[in-house]
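Dropping the structures in below, format is C-alpha cells.
Each of the next two complexes has chain A plus one other chain: chain B in the first, chain C in the second.
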Partner chain A sequence: MTALDAQTDSISITDDDAPAERQGSTPIERPKRATPLQVFREMPIVIKLSTIWLLLVFGGAIYAKIDTVLLNDALPLQNPNLQTNNFNPATGEFGDGEPNESWSSAHWLGTDTIARDTFARIVHGAWVSLIIAMVSAGFGVVVGGFFGSLVGFVRGRTETVTMAAMDVILAFPALILLLAMVSIFEVRSLTVIALVIGFLSIPAYTRVARAGSLAVSQREFVLAARAIGTKPMKILFREVIPNVLPTVLSYAMVAGAFVIVVEGSLSFLGLSVQLPTATWGNMINQARGNLKVNFAQVFWPSMALVLTVLSLNSVGDWLQKRAAHRGSAL
Partner chain B sequence: MTRTLSKFLALLFTFAMIAAACGSDSSPDDATTDTTEDGGGGDDDGGSDVTTGDVDDDDTVVEADDETERSYGGSIAVGLEAEAVGLRPWEDACSSPCYNIFVTIYDKLMEQTIDGTYEGWLAEDITPSDDFTIWTMNLRPGVTFHNGVELTAQTIADMFPIQQEGSQSSSQIAASNLAGVEATGDLEVTYTLSQPNSAFPAFLSRVQLGAVFEPAAAAADLDGFSNEPVGTGPFVIESRDLDNETVVVRNGNYWGVDPQGNQLPFLDQISFRPIPDEGTRLDALLSGTVEAMQTLRQGTIRDARAAVEDGEDLTLLEFQGNNVGGGQFNVLVPPFDDVRVRRGLTQMNSQENVIDALGGTGISLPGTQWYSPDSVWYSQKVADAWPQFDFEAGSATLQEYIDDPERSDGKAPGEPIDVELSCPPDPTLIAAMQVIEQTWSATGNVNVNLTNYDQQTHINYALGAENGFVGEHGAHCWRWSDDNDPSVGINPFLAPPTPEIAEAAGIPDIVSPLNFSNWFNAEAFGAAVAATQTDNFEERYALYEQIQLAIAEEVPIWYSGHTATMIGTVSNMQGLNGWHLPNGTVGIGFTNAEGRWAEVWLN
Partner chain C sequence: MAKIIAARLLRLLATLFAVTFISFMMTKALPGDPAVAILGQDGIQNEELLLELRAELGLDEPIPVQYVTWLGNAVRGDLGESYINRGQSVAGTIGQRFPVTLQLALMAIIIALLLAIPIGVIGAYRQGKWQDQASSAGVQVALSVPNFVTGIFLIWLFAVKLEWLPASNWNRISDKGVIANLKTAILPATALALTQMAIFSRLVRSDMIATLQENFILSARAKGLSDRFILFRHALRPSSLSVATLVGINFGALLGGTVIIETLFAIPGLGFRLINAISQRDILVIQGITVFIATGYVIINTVVDLFYSVLDPRIRRS
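So, the complex of A and B:
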C-alpha cells in the first residue's frame, strides 16, 4: 500500500469500484465525534450565551406556532393580534385594557399602540424570522451549495457560465431587487417572502461553496479517487460536497443573520408578510410613530433582532473556525 | 482572545441596554394629556386652539394681537411635512405644506375670513350677475409683481390660457364652470361661467385658480418658473434647493399693510425645510433647528402638547377643521355594491378605538359628516342619522347579505365576504386599519386582506385611470372635505363617475374621475348643483344637509375623526394667529396647518 493509499483510507474513502484487495486494508480509526454537550462545553462563554439565546428564539417560535395552529391558543401565551386586551369577538366590544401600557405581570413587555401584548408579538415574530432564515439557508445550502461545489469541481465552461450568472445577480443591489420581486408577487405570504429571499441568497452560497470545492478538488484524496477511476459524480457527492458542507453550513448561520435583517428592512417598509402578522420589523415600524410615548415598543423588537443577529454571527463565526480547523486537519 | 473579549463586551452592552429599557419605561398616562375641556377639541371658536406654556388655560379664538408693537427684521426656518414639488400654481400639485410657501410668493384674488365668507385680497370687490354666471371683479390698484410689472386686469386675462393648460388649474376651471376671463377695464375683470355658480369666489381663494402669477414670465419659461416664480406676494424667492431648503426674502415693494398701518412683511427671510419624519420635525422645533413646524398628525400634536406640559416654551396653534379621515367603499365592485355590506361594515367599525389608534384621543372629534361641529354647515340631524358603532346590528345587517342567495359577489350563501382594506403605510394608519380588521374579522363573515401602498399608488388605485375610472380599490383609506365652501369639494364627489352612469342619468357631459367611491345618487347630485345656483345660506344649508343624509343612508364612505392640525412655533414668534385681510377683517386662521407669514414678527 502506498502512502497515498494510506492517506486515502484514513479519511474512509470506501470506493466500491476499487479492486477487491484494496477493500481489505485497515483504515486508521477516526476520532470519536463529540456529543452536543461536549461541543457546548467547549464553547467560549459568548458562544454559549449566543447559543442559549438562539435556542430560546427557536423554541419560542415553535411554541408559538404550536399554540396557534394545533392548540387554538390554549398555551399560556397571549394572542399576538388581540387588541385592547379584552376585545370580545362575540360582541365586538373592546375591554378596559389600555394601549401603550408599561410592563406588568399581565404584559411582561407592555402593550403596543393598539393594546396588543408585546411579548406575545415578539415570540410570534420569531417564527417569521426563523422561517425566513431557515428557508433562505435551506435554499442557499441546497441550490447554491450544490452549484458551487459542482462548478468548483468540474471547472471549465460550466463554471464560467454559472459564476457569470451569479455575478449578475450579485451585482444587482439586493434590497432593490428584493423590493421589485416582492412588488411583483402581490400576495405577501411568508412562503413567498422566504422563497424570494432564499433565491437571492443563492449566489453568495454558490461562491462560498465554489471556493471550498476548488480547494477540496485539489486535495490528495480527491486526486486519488480520480486516479483510481471513480466516477466524477460519485467523487462530487462522496468526497467534495461532504467536505465543503461544514463551511457552507457555518456560512449559513452568518447569512441567516443577514436575511433576518433584510426581512426586518422589508417589514419596516411595509413590504413583508401581511398585517396583522407580527414580525420584528413591522413591530418597529408601527411603533416608530409613537417613540415619545412608548419607546419600549421600539426597543424590545429591536433588541430581539440585535441579539439574534449577534448570536447567529457569533455562533456562525465560531463554527467557521471549527470547520476550518477540521479542514486543515484532513 | 481580543475578538472573544469584544464579542463579550458587545453582548454585555446589549444586556445593559435591556436593563436600561426596563428601568426607563414611561407610563403613557404621564405623557399624554387632554388639554381641551371638551375632551375632543370642540369649541365655539372656529375650531382653533392656542396653547402656550401652561396647557390648561389658553383655549382661545383666532385673534390677532393688536396691542404689541411690531418689530422688523430677523429670519426664521419652518419645518414642513413635505417638499413642494414645484411652485407653479397652475401645474404643480400642492397640499398644505407647500401652500405655506405659495402664500409667501403669491397673493390670491380672494381670501376666506374667520366667518367662512370670502372677501377680496388682490380683488377689491367681486359682484355676480343675478343668475351667478357673470362675475365682475375690480382689482386693487398699485400692485406690482416681483419683477416690477404692474398688475392689471389684462394680467388676469393673460393668466387664463396658461391655467387652462395646467393640470391643477384646469380641473378647478371645470369644477367652477369657468368658461372665459376678460379684461373689461384697466382693473376690471369679467369672469363668464358656463353654469351658475354662487360659490365662485371660493375658487378664487384657492391657489390653483386664485394665485396671481406674472403671465409673461411664466410663458417665457414654463418649466423654469417652477423654481423662479414671480408673484406679487410679501416675499420674493431667493433660492430653491429641492428637498433641502426654499428661501424667500422680504419684498421691499410689497403693497400690503397691517391694520395698524405697518408696512408688511416684518421678517427679512423665511427658510422652508421639508422634514418628512413627524418625530424629527417636532424635535427640530424643540431643539431650535427651526422656529416653526406644521403637522397634520394627531400623534405629533399629542407629543407637542406633552412637550409643552413638560415645560418647553412653545406656542401650539391647533385647528380642528372640516377635513375628516376614514375610508371609502368602491360601490361599483361587489360586495360593496350592496348597501347592506357597506352599512354593516361601517357599524362594525369602532370609531373611538380607531381614533385612539391614530393617536387622536382628546384631539380629534369623531366624524359623522363632512363638517365638524364647529362648522356653520354642521347638521345635528345628519349626526343622528349616521350609523354609529353597533357591532350586533352591523353583524346582523351583513348576515342578511351573507345569507342572500342573490348576493352580488357570486359566492354561495353563508360564505364570508372578501374585503381588501388598504391604507398608505403611515404607522398610525397601519394601527388604525388593524383595529378595523379586528372587528370586521371577529364576525367570521369577513376575510380581511390588509395592504399598504405608497401614497401615489394608493391614489392611483382609487383613481383607476386604466379601467375607466372605476378604480382597483375595495375598502380604501381616504380623507374628505375642507374649510372651503362645500361646493368646492362635494360636487366632484357626487358627479357621475363613469360615462355609462352619466349617460344613464341623462347628463352625458358630466363625468367626474374624482368621484373615488363611484357612488352616484341623482337626488344628491341634483342638490349639489342646486346649491351652486343660490347664495341664500338657509337654502344651501338644507341642500347640503340633504346630501349628507343621503351619504348617511347609503354609506359609500366611513369616517374616523376630523383632522386636527397644528403649527408649532417658538414662543417669541407672533402674528401667525389672527392674520388680516386688507380690509382689516380677521382671516380664517391656520386651517390645515397653512400659515400666513406676512404678519409674523419676532418679539
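So, the complex of A and C:
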C-alpha cells in the first residue's frame, strides 16, 4: 500500500529465504514466537515511544484505581473529586487550592473550574478509557474472533446467517446506534457503557476474523489435517483459531483507539459514565465553557486522549504489518 | 446487469426492514411511559385518562401491530408528533433541520477533498522523501484527533484568541445571507473535514503510487509533458473512481457523524435535535431521527455500491 510496506516486503523476502534453503534436509520450522522484549527492540523509535506512553497510561490507571479502591487514597496522588478550596472540617481551615489555577508543584497541571486537581483527574480518567478498550477487545476477540473463525471455516448457511446479522448492526451509523442504545439505560455506569460498546464491537471483529479464517482454511496444513480425518472442531481450535488470532489481536489495538474516541465523544455529549467520575471526554466538556479563562483545562485532557489514540493507532498498524509479514512466512 | 440491480435492491429492502425494526424496538425499550410523559401529573392521578390516551396512541396494541402501523405511517412521511412539544410533527422537524446537517456534511467533504488531493499527490510523487514522510505523519496525527477536540481548538484559536469567527449562533442562509452563513459554518465544517482529509489523502496516495508505475505514465513522460500535467491530468483520473466511492460512503457516515460538532457549535441540525431529544426522553423524535439517518446511510451505501459496480466492470464480474 505504501512505500514503507514495499520496503518491509522486500526485506521479508530475504528473511523468508533462510528457512526455505533448509527445506531439503530438515523440516520447515515455524517461526519462533518472539518475547515482548524482543518485539520492543524491533520497534522503530516512534513506535517505542508510543508503547512507553501506552504503558504509562495503563500503569497510571491501575495505580489510581488501587489508590482509591484498596488503599483509601494512601498513595501520593490527589483525590480526583476533592475540591481543593473546600472547607475541611477536620482541620477547621479552607483548602489552599483555587479554581482555574495554572500549573504548580502542588497541582502539576493546575486545577479545574471547581478547584479539582487536573492531573489526578486525567490519571483517574485513564481508567475509564482503559476499561472501555479492554472490554471491547475482550468481547471482540472472544465472541467476534470465535464466530468469525467458525463461519470462515465451516462456510455454508451458518456463515450467511451470521454475517447477515452482523451486517445489520454495521448498517447503522455507529454513533447513532450507540446513542440510541445508551439512552435506554437510566443509570449509565461504567459497566453499562462498557457492555454496550463491547457488544457493538463484535461485528467488526467478526469480519476481520472471518477474512483471516477464510484464508487460513485454504492452507495446506488445514487440508492435510482434513485429509487425515481430524475432527472439524479440533482443526478449528488447533489450526484455524491459533493462526487467525494474531491478526485479530493486532486489530484490537486499532479498534481500541476507535472505541476510546467513541467513549470520549459520548462523555463529551454528557451521555457516558455519570459525573463526578472523571473521564477525558467529560473533563473537556466541563472546561469548554471556560476557554477564555483557562484553556489548559481543555488542553491537557485533549492531549492525553490524542496521544493515547495516536499511540494505539501507530503501534496497532505496526503490529498488523508485522503479523501480516509473519503470516506470509508461515 | 438488471439481475445485479434487482438483487441489490432486494437486499436493500431487507436491510431497511431490519434497521427500522431494530430502531423501533429500541425506542420501545426506552424507559418511561409516553402517555405519562404527555399527561404529566394528571395522568398519574387519572387512570382512565391514561388508558384512553394509550388507546389513542395505539400503545395497547401488540408490538408487531404497532410496528406495522408505524411503518405504514412512516412510509407515507408521518413519523408522529413530539410527546414533549405537542403539535410539533417529527417529520416537520426533520425537514427543517436536515438541510443544515446536509450543508455541514457537504462543506466538510469539499474542504477535505481540497486538502486531501494535493497532499496525497505530493506524497505519491515524492514517495519516501521527506515531503512524503512529513505528510504521512501529519495524516496519521489527523486520523487520531477526535473531531470535538479539533472543534474546540478551532474555537479557541479563531473565536476566542483571534476573534475572527463566531463560536456559535448559527446563521441561516434564508435569514442572514450566504456570507454570514459561511462565517458560522466554516469552523464546524473544518473540524469535521480533518479526519475525512486524512482518510481521502491516504487513498489518493496509495492509488497514485500504483498508477505512477503504469506504462501510460511512462509514455506521457516520454512525450515530454510536465510533471504537474501528468500528475493532475493523467495519473489522478484512474483514482477518481475509488475516491468517489469513498466520498459517497463517508458522506453517508457524516450525516450521522455531525452530532458532536453540532452540539459543540450549537448548530440547529438533526444531530443537535437528537441529543436534545435524548436528554428530554422525547421518544418519537429519537425514533424518527434515528430511523431517518440510518435509512439515509443504508440507501447511500447501496447507491454507491451499485454505481461502483456499474462503472467498473471488473467488480461486476466477481
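Methods note: the second predicted complex is superposed on the first by the 286 of 330 C-alpha atoms of A that agree within 3 Å, B and C clash if a C-alpha of one lies under 4 Å from a C-alpha of the other, contacts with A are read in each partner's own complex, and residues count from 1 in each chain.
Everything below uses one rule, namely that a residue touches a chain if its C-beta (ideal position, glycine included) is under 8 Å from a C-beta of that chain, and two chains touch if they have at least 3 such contacts.
Given the structure is predicted, the values throughout are model-derived calculations rather than measurements.
Undergrad: Once the two structures are overlaid on chain A, check if chain B and chain C clash or fit side by side.
TA: In the arrangement built by aligning on chain A, the partners chain C and chain B clash.
Undergrad: Have a look at where A:Asn290 lands relative to chain B and chain C in the superposition and call it first, second, both or neither.
TA: After superposition on chain A, A:Asn290 lies in contact with chain B alone.
Undergrad: Considering only touches as defined above, state whether A:Thr35 meets chain B (first), chain C (second), both or neither.
TA: Once the two structures are laid over each other on A, A:Thr35 reaches no partner at all.
Undergrad: A:Gly264 in the overlay: touching chain B, chain C, both, or neither? Say first, second, both or neither.
TA: second
Undergrad: Quick one: name whichever of chain B and chain C touches more residues of chain A.
TA: B
Undergrad: Figure out whether A:Leu305 sits in contact with chain B (first) or chain C (second), or with both, or with neither.
TA: second
Undergrad: Of the partners chain B and chain C, which touch A:Thr113 in the superposed model: first, second, both, neither?
TA: Once the two structures are laid over each other on A, A:Thr113 reaches chain B alone.
Undergrad: Can A:Ser314 be said to touch chain B (first), chain C (second), both, or neither?
TA: both
Undergrad: With both complexes overlaid on chain A, does A:Asn72 touch chain B (first), chain C (second), both or neither?
TA: Touch status of A:Asn72: no partner.
Undergrad: In the superposed model, identify the part of chain B that clashes with chain C, out of 459-467, 549-557 or 585-593.
TA: 459-467
Undergrad: Can you list the residues of chain A that meet both chain B and chain C?
TA: Touching chain B in the first complex and chain C in the second, residues 269-270, 288, 291-292, 295, 306, 310, 314 of chain A appear in both lists.
Undergrad: If you look only at chain A, which of its residues touch chain C in the complex?
TA: Its residues touching chain C are 1-3, 167-168, 171-177, 179-181, 183-184, 186, 257, 261, 264-265, 268-271, 281, 284, 288, 291-292, 295, 298, 302, 305-306, 309-310, 313-314.
Undergrad: For the complex, which residues does chain C have touching chain A?
TA: Per the stated touch rule, the residues are 15, 18-19, 22-23, 26-27, 29-31, 127-128, 132, 136, 140-141, 143-146, 148-149, 152-153, 155-156, 160, 205-206, 209, 252-253, 255-257, 259-260, 263-264, 274-275, 278-279, 281, 286, 290, 293-294, 297-298, 301.
Undergrad: So in the complex, which bits of chain A are touching chain B?
TA: Answer in residue numbers: 44-46, 49-50, 81-84, 87, 89-94, 98-103, 110, 113-114, 269-270, 274-276, 282, 285-296, 299-300, 303, 306-307, 310, 314.
Undergrad: Which of the residues in chain B end up touching chain A in this complex?
TA: Contact set of chain B toward chain A: 4, 7-8, 10-11, 14, 17-18, 21-22, 24-28, 31-32, 278-279, 297, 299, 302-303, 306, 348, 350, 353, 356-357, 359, 389, 391-392, 394-395, 425-428, 430-431, 433-435, 437-439, 442-443, 449-452.
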